[in-house]
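First chain A sits with chain B, and in the next complex the same chain sits with chain C.
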Partner chain A sequence: MNNSGPSFWTTASSTLHFMLSSATPVALAALGGLLTEHAGIMNIGMDGMILMGAFVAAAVAAIAKSALLGVLAVIFLGVLIGLFFALFTVKLRSDEFIIGCALNTLALGLTGYLADAWFGLDGIRIDMTIPAMQNAYFHNINVPLIKEVPFLGDVFSGHTAFVYITWLLVIVMWLFVYRTPMGFWIRASGESPDTLRTAGKNPERMKWIASILCGVFCGLAGASLSLGKLNCTFVENMSDSRGYIAFACVIFGGANPVKVFLAALMFGFFDALGDQLKVIIQSDLPYAYLVNAIPYVITIIMMVYVVVSGQRRRERIAKQQLRKLEQK
Partner chain B sequence: MKKYFAMMLAMLLLVGCFAACTKTDKPEAPAGEATPAGEATPAGETTPPPATDKLTVTIVVAGTFGDRSFYDSSKAGGERLAKDFENLNVKYIECNNENHDVQMRDAADAANIVVCVGWEFYDIADIAPEYPNVSFIWIDNATETPVKNVLNITYAQNEGSFLAGYIAAAMSKTGTVGAVGGEDNMTINDFIVGYKQGAAYFNEATKVEVNYTNTYDDPAKGKDCAKILHDRGADVIFQIASKAGDGVFEAAQEGGFYAIGVDSDQKYINDAVIICSMKKEVGNSIYDAVAKYLSGDKSLWGTTWVADMSNGYVGIGYGEAGATQQVPDDIKAAVEELQAKIVSGEIKVDTTRN
Partner chain C sequence: MTDEIRFEHISMEFPGVLANDDISLSIRNGEVFALVGENGAGKSTLMNILYGINTPTAGSLYVRGEKVTEFSPKAAINRGIGMVHQHFMLVPSFTVAQNIALGREPKKGKVLFDNKKAERLTRELIEEYGLEVDPSAEVRDISVGLQQRVEILKTLYRGADILILDEPTAVLTPQETDELFEVIRRIVREKQMTVIIITHKLYEVMAISDRVGVMRQGKLIGVENTCDVDERKLASMMVGRPVLFDHLEKTGDPGEVAIKVDDLFVADNRGLPAVRGVSLSVRRGEVLGIAAIEGNGQSELLEAITGMRKINRGRVTVCGNDATGKTPGEIRAMGLSHVPEDRLSTGVDKVASVTDNLLVGRQKEKRFNLFGFHQRRSTVERYASELYKKFDIRGAGIHTEVGSMSGGNMQKVVVAREFSFDTPVLVISQPTRGVDIGAMEFFHTRIIEKRNDGAAILLSSADLDEVFRLSDRIITLYEGKITGEFKADAITKEEIGLYMTGTGEGAKA
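After this line comes the complex of A and B, so read on.
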């Protein structure tokens, strides 16, 4: 530390900055995943959806030289994937676990193959020095006022549009799920489809809608990876298991958009912290391995927390009902 | 009706699954799907398929192609082989970081030479003896004890990285240089040890910051890792992370610092920020080993061949003619000199290989 490393505050602000940016793809996918979770579909195919989204976004943006067109294409693709997923899980009632697995494998093979066939061995990469290509990806936004604030500026400014839009979407999704009739029906379609049917709504239709929206969100997550975080780049398997982390976030957050977002932030934080610590405690091998294990240790701790708190809640509810019975 | 439709879609999925794991993209290979060697099972004693048949070389890579670096270099070697030898049928299999043993067996079932590209193929020590008629080449790692039909090729990446470290330190204005490794393992650390030593050789006070992505597939992670190093003052960063290393170049472009490529000559990827590449000629070494095999010389098998700087498999590349040259000529001259010193043994570069 004698060699004038960065101060604690710089490290802290940079950690938080990376927390926000690396939580974004996960959070976006998880926002979609919580809908299918509410609708009673176990969706482990999110990783494949992200990968397809990343591919289509990068492919369209690279050809059309427009990132916005890439995002539009991804929304369209998301609808298609959602329809595809719902066709099997809802209409044909196949095992959603198997379909999810198949979707992941299909996405991996298909995107790799198409990237190879259309763009050559290299995958999709653009030459950033060409001026026309400047529009093919989203640039970092320096937020006017916040940028000037010492610590917060480093944390909250300089992200791509995806990061800010995600925050907005978290609120929108919370309102959608808990404050609109549609959100209510989607939840009912998973928790008690028969009740919903009695009320004159078709639970299967709700599941279709949930799955289409999930496809769109996962597609956007992919786009946030290939066009936001990276400059219009696609390489094989670049989703790197983010879909599974998103699924974990959905479970941790109890499919509540705000809690799910917090879970994604937590994963992002430990991810970013790990990256920093790896540099700071270099070459101390045992510590380095410990640092690598942090995200997994946290996952296990969270898992225990979720299980225990779930059990507590059930106990509490059971006791309440018992008390009601006794009072009668 | 519905049922047939579902069946068809399911078949489509199934095809997708296969597309994922075994991608053999050699256009003109209708004749030789599989030489009969596979049918004869491991026990079969009549080995090399009839003389009229083509020999099959299968290149199995641990990750996926498209890294423009390590794996793609092996593919380039395979393509050169297919072009130069008419009786050769070259196939490729991507393991995508899983089931290395299964893919290796699949390859060995239908090939004469199996080239395993990646340090991950540990099972080769058990699998190779089951296929006595197949010759294996293991790239980037070595079996603990020699196996008769396995040729281990390891690379003196520490020597090339020494030069990369020297260039990085010489080009750095801040006195801090960085390296982004893919994983904290023996092979990657072999690069880093050499890199650190080279940087220190230029100037004892040079600070070397190292970060690991812990993935080879995720450029976004590589970008973050490089940005963190840049925040800590590094203005020349060496990427040793395959596809994840792509993010390092993007970070360099955005942050306005220099990067050093790895394995292949990566200069062409981003002429403005990549000042040079530490070349590890995986393709050439595969080509030379197979060519030797075809000429009837199998003396290499059962040994470990270290492809190093003295035989030209490791070195520094400054891109093709016409590329922008950021490294001034005097540094290049110094690098030449160092190279000669390493080859002559005057400079001994540390290593993590055993």
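After this line comes the complex of A and C, so read on.
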């Protein structure tokens, strides 16, 4: 290869590397969101859950000087948020949409305020180095054998622990949802709650469990945002609508963990692509920041695709059936 | 025979309603016990107590001599009680075996659901009880009759020896009903099971049960040996007064054609073909009944005729006017009234008063408004009161919110409104669904009155008896096509049943 500058392969591997890390918070949140989706709860509050997770993870990690404690705190917080969400949507039967909106707004205001009040750095920015983390397990893990492989090493090695844990969780969640009794109960609690009740299981309990797990997953998604870098960093509105994108992934992937993860990867890809484009088209051009909109535009296109393809499929089935019937 | 179940002075009070009032009843081991009564008589409530869904507010329940202290479905299942609900309790996206195993899953390595074992256990039950169904089929893909089998298998899987069936035949064809009864007889005879069947179809009581209990307004009116009573006696016990299943006097000869449908094609909500080339005509002074199992295009057909659904191909003519693709309002103006299938969603405005519901469609009439915008309230109310009396609507007066009324009275509001238009064409769908016997009689008389007055009536009903009773001619629909047309007095229910399942001609060919 004679061309100067970054070669095609370098650009490609760094784009794919970025795709994998960028997809992680979305995928983590979506893994939780698919549970509430299966349990029949429309959960648009994931963005708020992620944001609170990001803040608490950063705050605890900064104060305790330990990223691990930050993660543990975020799991605890996730349980609390899940309980809070289930209290209103399941127990008090409030409108899920309103509660989701309330959660998002609350998270935005609360994290911004607390970040300012407690840390006051840069207004709403916590930016701290955690000494205990310098050699921690949280980032830039070099996967033994793969890192030696030329192209693949650049793509798959050197991610944070969150990335690898997410891959593992995708498989665990698939088994959980489709291969364990609890997974069956959670799905039944959304699809036909009375059936579950007459089977002697409490559908409300399943909805509680789904909510709590969703809270934990979203919290972890937040932690992966604020702790997934060398320093622990929190900025206002750090979730940046990833909760909504996660929700879109849940719908797009039919709440199937593997498909949902693939959807998240797709967003990650476009996010990475936008990032590369920014470099290429020089960021001082007036409209350069429009590339940041790519993932969101893709969301809209995908949702349109889901609706249209669903209609097409039904039409196709209808036509097939008609043909079959007419042949009779 | 010993007492399997004993209710002692059971009462169940919901806020404002005494659903069960001091009921004492014993059900014996190995019998088929029928529980009959009108809607709201408290049958389902009593059975929900037995199944642990409701906890009685007073009295005690004994199962095999043991007093029940914990009321929950789980505890009931453990006591060997199984219930097949009127609305099936199945998860549509799960397979037959997964539905059957739900709540008591066989496990692989303590954690995972063992699908293979669930299917094997299901197959064993299928063979033991002779209830054929594919264990690996998804429930949403199988017929209603098969879904009911899954429900029964589910109770058997859970080890039930007392089986409660809530209105099991409401969704079945005559053939499927016969099959179900065969299954019931077999499990009672061979497995010594006790079966309780809730129904309001009296001929079924006569056909299947050993004893029968009649409920009315929360009270148990009487328990009889089925061989000692007849349908007439049971009906009068249910209603509390003699019910005359009189022959309805049909007079006059049919006149000119008022509804004509030519080669009609209509799609359902999913875009699938629901009506496929239906042609029919109804003349004035006759009732054309549609006999079909739910989901065979009858709903879509009537919606297309009344302008509520898009017509893909074909023509509809109402009183000589082309009604194809016209709006419901335009078709009504041609002289058609419509008693819709689902009164709650398309028949009434639940939160509006009786008066306002009766006025719908007449707001523009001169006598009811001034200058086109001021409603003459007193005239409207006088008019509503008249209909209220004439149609024997029972509620708290013309200002009652319709949503708070019983199904029968709600239906009276719809019928009163639609019949008051005095149109030459009436399209009536499910006139007596969820309506008690007393009101049913009333509706039937009214419909025949309209017929005798020269209205052309197109009737669709899930109740085959009703179709037979009211119709002059009957057509059968199967998968959106007409499979047969008969004079109502020239065919039996069993024969019609074959045409409703599309096997009528096929069996002969």
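Throughout what follows, the second predicted complex is superposed on the first by the 265 of 328 C-alpha atoms of A that agree within 3 Å, B and C clash if a C-alpha of one lies under 4 Å from a C-alpha of the other, contacts with A are read in each partner's own complex, and residues count from 1 in each chain.
Throughout what follows, a contact is a pair of C-beta atoms (placed from the backbone, for glycine too) under 8 Å apart; a residue touches a chain by one contact, two chains touch by 3 or more.
The model shown is predicted, which means the values in this text are computed figures rather than measured ones.
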If touched residues of chain A are counted for chain B and for chain C, the larger one: B
Chain B versus chain C as contact partner of A:181, first or second or both or neither: second
Partner chain in contact with A:142 - chain B first, chain C second, else both or neither: neither
Which of chain B and chain C A:309 touches, first, second, both or neither: neither
Partner chain(s) touched by A:22 [first = chain B, second = chain C, both, neither]: first
Contact set on chain A toward chain B in their complex: 3, 5-6, 10, 14, 18, 21-22, 25, 87-88, 92, 94, 102, 105-106, 108-110, 112-113, 115-116, 121-123, 125, 127-129, 140, 225, 229-231, 233, 235-238, 240, 272, 275-276, 278-279, 282-283, 285, 288-289, 292
Contact footprint of chain A on chain C as seen in their complex: 51, 53, 72-74, 77, 83, 85, 87, 89-94, 98-99, 102-105, 107, 111-113, 267, 270-273, 276, 479
Residues of chain B defined as touching chain A within the complex: 2, 6, 9, 13, 16-21, 23, 25, 64-68, 72, 75, 94, 96-97, 184, 207, 209-212, 214-215, 217-221, 223-225, 227-229, 231-233, 243, 246-247, 250, 253-254, 269-272
Chain C-touching residues of chain A, taken from the complex the two chains share: 175, 179-181, 183-185, 187-188, 191-192, 194-201, 311, 314-315, 317-318, 321-322, 325
